[in-house]
Amino acid sequence: MTSTTRETSGRPYEECGVVGIWGAPDAAALAALGLHALQHRGQEAAGIVTHDGERFWQHKGLGLVGDVFSDARMMGTLKGKSAIGHNRYATTGGTLLRNVQPLYADFEFGGLAVAHNGNLTNAATLRRALVKRGCLFQSTTDTEVFVHLIAISLYATVLERLVDAAKQVKGAYSVVALTPDFLIGLRDPLGVRPLILGRVADGGWMLASETCALDIVGAEFVRNVEPGEMVIIDDEGIRSLRPFGKTSPRFCVFEYIYFARPDSILEDHSVYEARKQIGVELARESGVEADVIVPVPDSGVPSAMGYAAESGIPFEMGIIRNHYVGRTFIEPTDQIRNLGVRMKHSANAPALRGKRVVLVDDSIVRGTTSRKIVDMVRAAGATEVHMRISSPPTRHPCFYGIDTPEESQLLAATHSVAQMAEAIGVDSLAFISFDGLYRALGHDDRADAEGRYCDACFTGDYPIELVDKEGHLVS
Amino acid sequence: MTSTTRETSGRPYEECGVVGIWGAPDAAALAALGLHALQHRGQEAAGIVTHDGERFWQHKGLGLVGDVFSDARMMGTLKGKSAIGHNRYATTGGTLLRNVQPLYADFEFGGLAVAHNGNLTNAATLRRALVKRGCLFQSTTDTEVFVHLIAISLYATVLERLVDAAKQVKGAYSVVALTPDFLIGLRDPLGVRPLILGRVADGGWMLASETCALDIVGAEFVRNVEPGEMVIIDDEGIRSLRPFGKTSPRFCVFEYIYFARPDSILEDHSVYEARKQIGVELARESGVEADVIVPVPDSGVPSAMGYAAESGIPFEMGIIRNHYVGRTFIEPTDQIRNLGVRMKHSANAPALRGKRVVLVDDSIVRGTTSRKIVDMVRAAGATEVHMRISSPPTRHPCFYGIDTPEESQLLAATHSVAQMAEAIGVDSLAFISFDGLYRALGHDDRADAEGRYCDACFTGDYPIELVDKEGHLVS
Amino acid sequence: MTSTTRETSGRPYEECGVVGIWGAPDAAALAALGLHALQHRGQEAAGIVTHDGERFWQHKGLGLVGDVFSDARMMGTLKGKSAIGHNRYATTGGTLLRNVQPLYADFEFGGLAVAHNGNLTNAATLRRALVKRGCLFQSTTDTEVFVHLIAISLYATVLERLVDAAKQVKGAYSVVALTPDFLIGLRDPLGVRPLILGRVADGGWMLASETCALDIVGAEFVRNVEPGEMVIIDDEGIRSLRPFGKTSPRFCVFEYIYFARPDSILEDHSVYEARKQIGVELARESGVEADVIVPVPDSGVPSAMGYAAESGIPFEMGIIRNHYVGRTFIEPTDQIRNLGVRMKHSANAPALRGKRVVLVDDSIVRGTTSRKIVDMVRAAGATEVHMRISSPPTRHPCFYGIDTPEESQLLAATHSVAQMAEAIGVDSLAFISFDGLYRALGHDDRADAEGRYCDACFTGDYPIELVDKEGHLVS
Amino acid sequence: MTSTTRETSGRPYEECGVVGIWGAPDAAALAALGLHALQHRGQEAAGIVTHDGERFWQHKGLGLVGDVFSDARMMGTLKGKSAIGHNRYATTGGTLLRNVQPLYADFEFGGLAVAHNGNLTNAATLRRALVKRGCLFQSTTDTEVFVHLIAISLYATVLERLVDAAKQVKGAYSVVALTPDFLIGLRDPLGVRPLILGRVADGGWMLASETCALDIVGAEFVRNVEPGEMVIIDDEGIRSLRPFGKTSPRFCVFEYIYFARPDSILEDHSVYEARKQIGVELARESGVEADVIVPVPDSGVPSAMGYAAESGIPFEMGIIRNHYVGRTFIEPTDQIRNLGVRMKHSANAPALRGKRVVLVDDSIVRGTTSRKIVDMVRAAGATEVHMRISSPPTRHPCFYGIDTPEESQLLAATHSVAQMAEAIGVDSLAFISFDGLYRALGHDDRADAEGRYCDACFTGDYPIELVDKEGHLVS
């Protein structure tokens, strides 16, 4: 076993899923199954830390949950009735084992394991201050900043220290933490990222990023952890702290549009229904004469279904997705590259040939994938290609835990909708309006949803201060 | 690197995909991409043999195509403008590297590489005779039988020997073979398994199990290799032999129902359209009062769409498939097993709760998966569950290249439809009728399709003699 | 790649080798070769950090140096003209990648990489204090204690901080450290562990645990780094600090007896000559009538040669060592275990049969290996077996960097020499006397060497305070 | 797991060790231990086939025996009381798993596993004829030729077929073969390669290339299998056939000089004693004024001891061998290569400085290693370097199972002894004379040993016809 050679610096953005288990036999297996259900939130690495009443145990690895936690003997070593787990997707090349969460540390008061989903917006600033103070950083994760703040806190108890640390960080985060005595769940004051509370069969508790993680183990949904709430779960039950006082929610609207799994229920809305309804609104706003409604699978499917239902135009699986992509893939030669080979999507020509096609996708980021898909659909014989997008134009990067390229690489940041249509080669292009988007989420219109969601990637209205960005460059 | 310990005997059934390339730069890369598009036909192992005008080169490995052929340096060693490749799925435990095709052998007249999709029905009988004659077998593949027959043929040229061998084997097979001088494609007399001919961009030729392999590299569909036809491709172009005289086709109907990729065109029919149309026929035959039509993804989707369109009942993605299953997976403890955990499918409760649900699936084999899915859908709140199956009851095993359990394990072999409905716990169950199935494939009714397909898995009418089965037990 | 499951605590003792390079092209390759020559000091893991004038680069892995640093592409990424490297042997089960040195950390003043050979005797005490102060520990190595002390030092420059840290630690250690601006070598005040300074061919500098690491790259021996000396090497040359004032040396006598490579020169004495001379003294002190002198290979060879030369009795390779033991090995069944199988040593019967044999070995630790070897030699036909040991009885554990079991498991701690002879089944047993040992090292007698060596493992006279041991239990 | 890419042709020479076990519980473990003791005969791959009364089981892998057979679960699957095993060293780059022996094949009469040590001199000729006849070759090993001959034999029983095959092959070989009913051991008519018979503790039998394999499992030496003898071992005991009539032995003299392990007894001579005695003869023949006798370790050690004893000049370990070379190793940059780095040997300068040194080695092949060692010894301060070689000059390649380069690359084939001395840079050079060599083996002189050994590598007198060499080029 050998670590990858790399520079010893660099800070990745991360997308993640988290779970926590308290008071359940086979806690590690429950955590692993939960992480499997959350695999769409991060596929590069996974880790679990358990506590058996006396000791902490851990296993981490690079790869899919099902591969990292497949060995029965290894699972047997993850003893105990409490556990936390983490899935990770890192956008920079070097996925390092040392960056895989949960992060475990020995404190004066005992051990603590921590994992989080999201991004701290003052991580670099805090890190500089901590390094100045003599703190040693050994990973490049935001979680380590959080853990250092706990370590140096002058408060006596781990709970007070957690609160102390939480008050110092800014950003969008859902944290799970495990001590020998309790399991913690904490959402940032605006509740940008989700965190769900459930009960497992025989009396134990479960925390997870999405309800689909509860479903896989037959756990019952109890409620959302609230924005700014810290839940403390122990054998006595569940308590709740409000470290930040009263806060108002700004849930990430992009979880509904793309990131969450369709069968999850977030903030009491079905993700699947929301997507379908966006499709309905989109059809109302941006109808077009066409023969077929074709989703870009898999994420475009529900919106395309809604669009088709509303427009009365038939829904067709005109694009097929190949799920067998493996971990690595054929590095193409130049000649192969020129063929414009698409490893993931292929055209289902009989459903497209001679048809006026409405393609429904969730977003346009750089535009390069959209261009290839449009070309492929035309090559399969479509006579017209209209693109409908179930989100407003993505004009700004996310600093709160969704992987997006920097602004200069976002097609919508530099092109009008008409220019975008030309760039990706469609006959027409339309995005859902803000009014339509929020109607689909159950509001009267955009004004009615004002201040209740984070939609910064569309509006540039960042509800959490971007401390690092506004300060010096992140090294 | 270590081979897996195993018994040194045992004969697996196989499902496979094949490709062949002639006269194209980057032949290995084209072959790898073609195999990637055929990944659904076999996920356990892959191999490619190329010829560079002077020498043969090969690489084989266990795993997905994208993993086996991911290394640029290795791809660089697979030199030449001709190649054949093979995907393999083996149903017995021991996937052995020595069984991975293509199989290469040195002959007096030079080297030959061979790969095939299908099963020989007299392989064991031939094998016994060959062993008696002094032939050494080192794999358990049918392909090796074929290669031995070529080796011992008394004919002078490799072509004559191929024909000689072809006349001795019985079964369903599509063979690709590569010599320094030409590329061969051969379908069995009844053409049970598919084989397609296409042209790649710069004048080369391509053979593949399905058209989707042509599409991924931008190759143009030319025609099907015909049942009983042997095509010989070299730098002069393409020739055709008919080793078996005139034959009549019996194409595998199950390729349409389940096995082929929906965007493929087989024997001039779109697989996707066929599946949708089966759904239409199913709705006509077995309509039921319901609120939603829900496919068991992914294979049930087109039929469910057809059913929904015909019935006017809304189509809903009420079951979500998790594609991130990895190579291995969590070995569950007993307790976890009792939770009835489903790694691949989860219920999308908001689309099911309080609804009368029609589940559309492609087939019922043992019935255990169907039972679990029905239970899951009920647990998500469905008030009624009706199951509609886009194939007739599967009552007989396939001996022609589709993996099926033996007859005693097929639910439909021992249960009436009513008993099956009870066994899987549905309110009603219906299968497509033979008339409906063949109408969906463009015939007037079953009589009109008589003798044009192999549907032995539904009827027990095996069009190719089961030599091994009827003789002594296969050792 | 997957980390090993383990408890998240536990503190291993370590044996190690270190190298440092400054101002030499191919610094990483020179470091790797030096580590290869020091492989006998630690075989479980190896790591190198380089600096290329702008950035640090690192590679670490579990296994032999030759395997960890075998890939040319990887070596190419270890850019720069300065490097430090480390070999590690850990006595506890869990060799973790996160424990592999060198340890790199970002400081306010820039990056620093540190590796060391030896053990700190107040590591646990310091660690507790540091954890109390809020320092996070992520490995279980003593090196991390040292690095934390640097991090929290209130001094301004890295040099002052290194001195500050050095003054707080107690123990036996030879440290190499690399900053963008210089290479550091530091020996503890008593110089228990070795550290050598040399010049590489084209003007660069090299630090290493033993001279054999200089030899392999053709570097020239300059001098020993002195006990308590800190050398600072940069492009201007070499400077020297004395952080501890004047100190007197207590070099580890066991490096001569067993640990160092025979072709190394330590503190100006040839290890090989010392071992031979011990054999000479042993023959003088403990002569016995015998037919052959047989070493327990490899470490017993020079002493046996000296014994044979002095006694006039023929030297014979009566025991053959099998060096091909691999990383893992056949886990024996009970039946095999009862055969008393010896994987490493076998008897050369023709040299033993009918002979009165003097076995020469370097030490007796638990006595179990000695017993097996004696039994094997008797089974091969030896009529008498006399054991001569080239060290005094090992009665006390080492806390300064040599792996020894705890006192209760040391045969000599609980048995008289006569009892030991009985326990291992020899006709006679003798150890070198202290006078003999020190005469072999060039002194008049034990009194003449008084206070110049650490021989605590024989005498229990520990020259460096055992802070952790005397305080509370190490957690 | 992935096979290595390679050309599909090429025929390696091999050095090997073999074992066979009959009638012993834990046969696989005994075989694995035996192979471990024979590891010096082949380090690249190992394999074992067992039979449990009903079925054959096998495991093969690349690497050291201790790594290939380290897993207890895997060992548990190698069931049965009979086994054969094989170690392999291949001189060409591509060690392929498919070439790893034993080779198993299904015959009409049942399964058979075969492994051999040696080389067939008509393998290529037979192979061409077999291919012409329709035999398929899937490896490049000589063993497969042997197995094909068994397969096509017209005789009825496996024993008769083995004899039939044996009569057709020419070469130097020791074969072990396992059927469900018996274990076979067969030596070629001249008995060039060794094969030993022993009894294991509880009544079972063991065959092995050398006695050291018996020693490790405590088996008792019974006798040598005789040249041209085929032993058949079953539950009734041992029988013996003489397929070739009466033959006269020509045992490989190079087994004594270099190849066998020193603690083995071959053809009733101790290898160790033979080597020492060669040293004695060498000292008598080629005495020189010198200060120290230094072996090139490990193989030169016994001869150097003999030389030292006879000459009265002290024996010194002036060269140290580093055994930790790993499987792969640092690919040196050009600069490093120019340093003349020696990974395996280093000079022990204190034993060499200012000395007139006699280096004792077993042979000079290309001379490049000798040159480097001589340079190293001079660089360490030797004032004179005299080389003494314990074999006559190696002027001809071996075709009988010892890896040697072709004649043009043998230094002694193109240089006189004086020229060789100059080429390797020594003050004097001498080889053992034939008279001396054979005196050391217990004969009066060379004439007395005439026709009793194979010494073709020194004399060019090849006792077995080189069919392939004298016919057409080996393809």
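Per-chain residue numbering starts at 1, and chain names A, B, C and D are given in the order in which the chains are listed.
As a convention for this text, a contact is a pair of C-beta atoms (placed from the backbone, for glycine too) under 8 Å apart; a residue touches a chain by one contact, two chains touch by 3 or more.
If you're wondering where the values come from, they're calculated on a predicted model, not measured in any experiment.
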Chain by chain, through touching neighbours only, how many steps does the shortest route from chain A to chain C take?
-> 1
Tell me, please, which chain's centre (mean of its C-alpha atoms) is farthest from the centre of chain C?
-> B
Rounded to the nearest Å, the gap between Cα centres of chain A and chain B is 36
So, in whole Å, the Cα centroid of chain A is separated from that of chain D by 61
So how far apart, in whole Å, are chain B and chain D when each is placed at the average of its C-alpha atoms?
-> 49
So chain B residues touching two or more other chains come to 63
Every chain pair meeting the contact rule = A-B, A-C, B-D, C-D
For the chain C and chain D complex, residues of the former touching the latter = 25-26, 29-30, 32-33, 36-37, 39-40, 43, 63-67, 69-72, 75, 201, 212, 215-218, 261-263, 265, 270, 272-273, 301-302, 305, 309, 314-317, 320, 322-333, 335-336, 339-343, 346-351
In the complex, chain A touches chain C at residues 1-3, 5-9, 49, 55-63, 68, 74, 77-78, 97-98, 100, 104-108, 111, 128, 131-138, 144, 147-148, 151-153
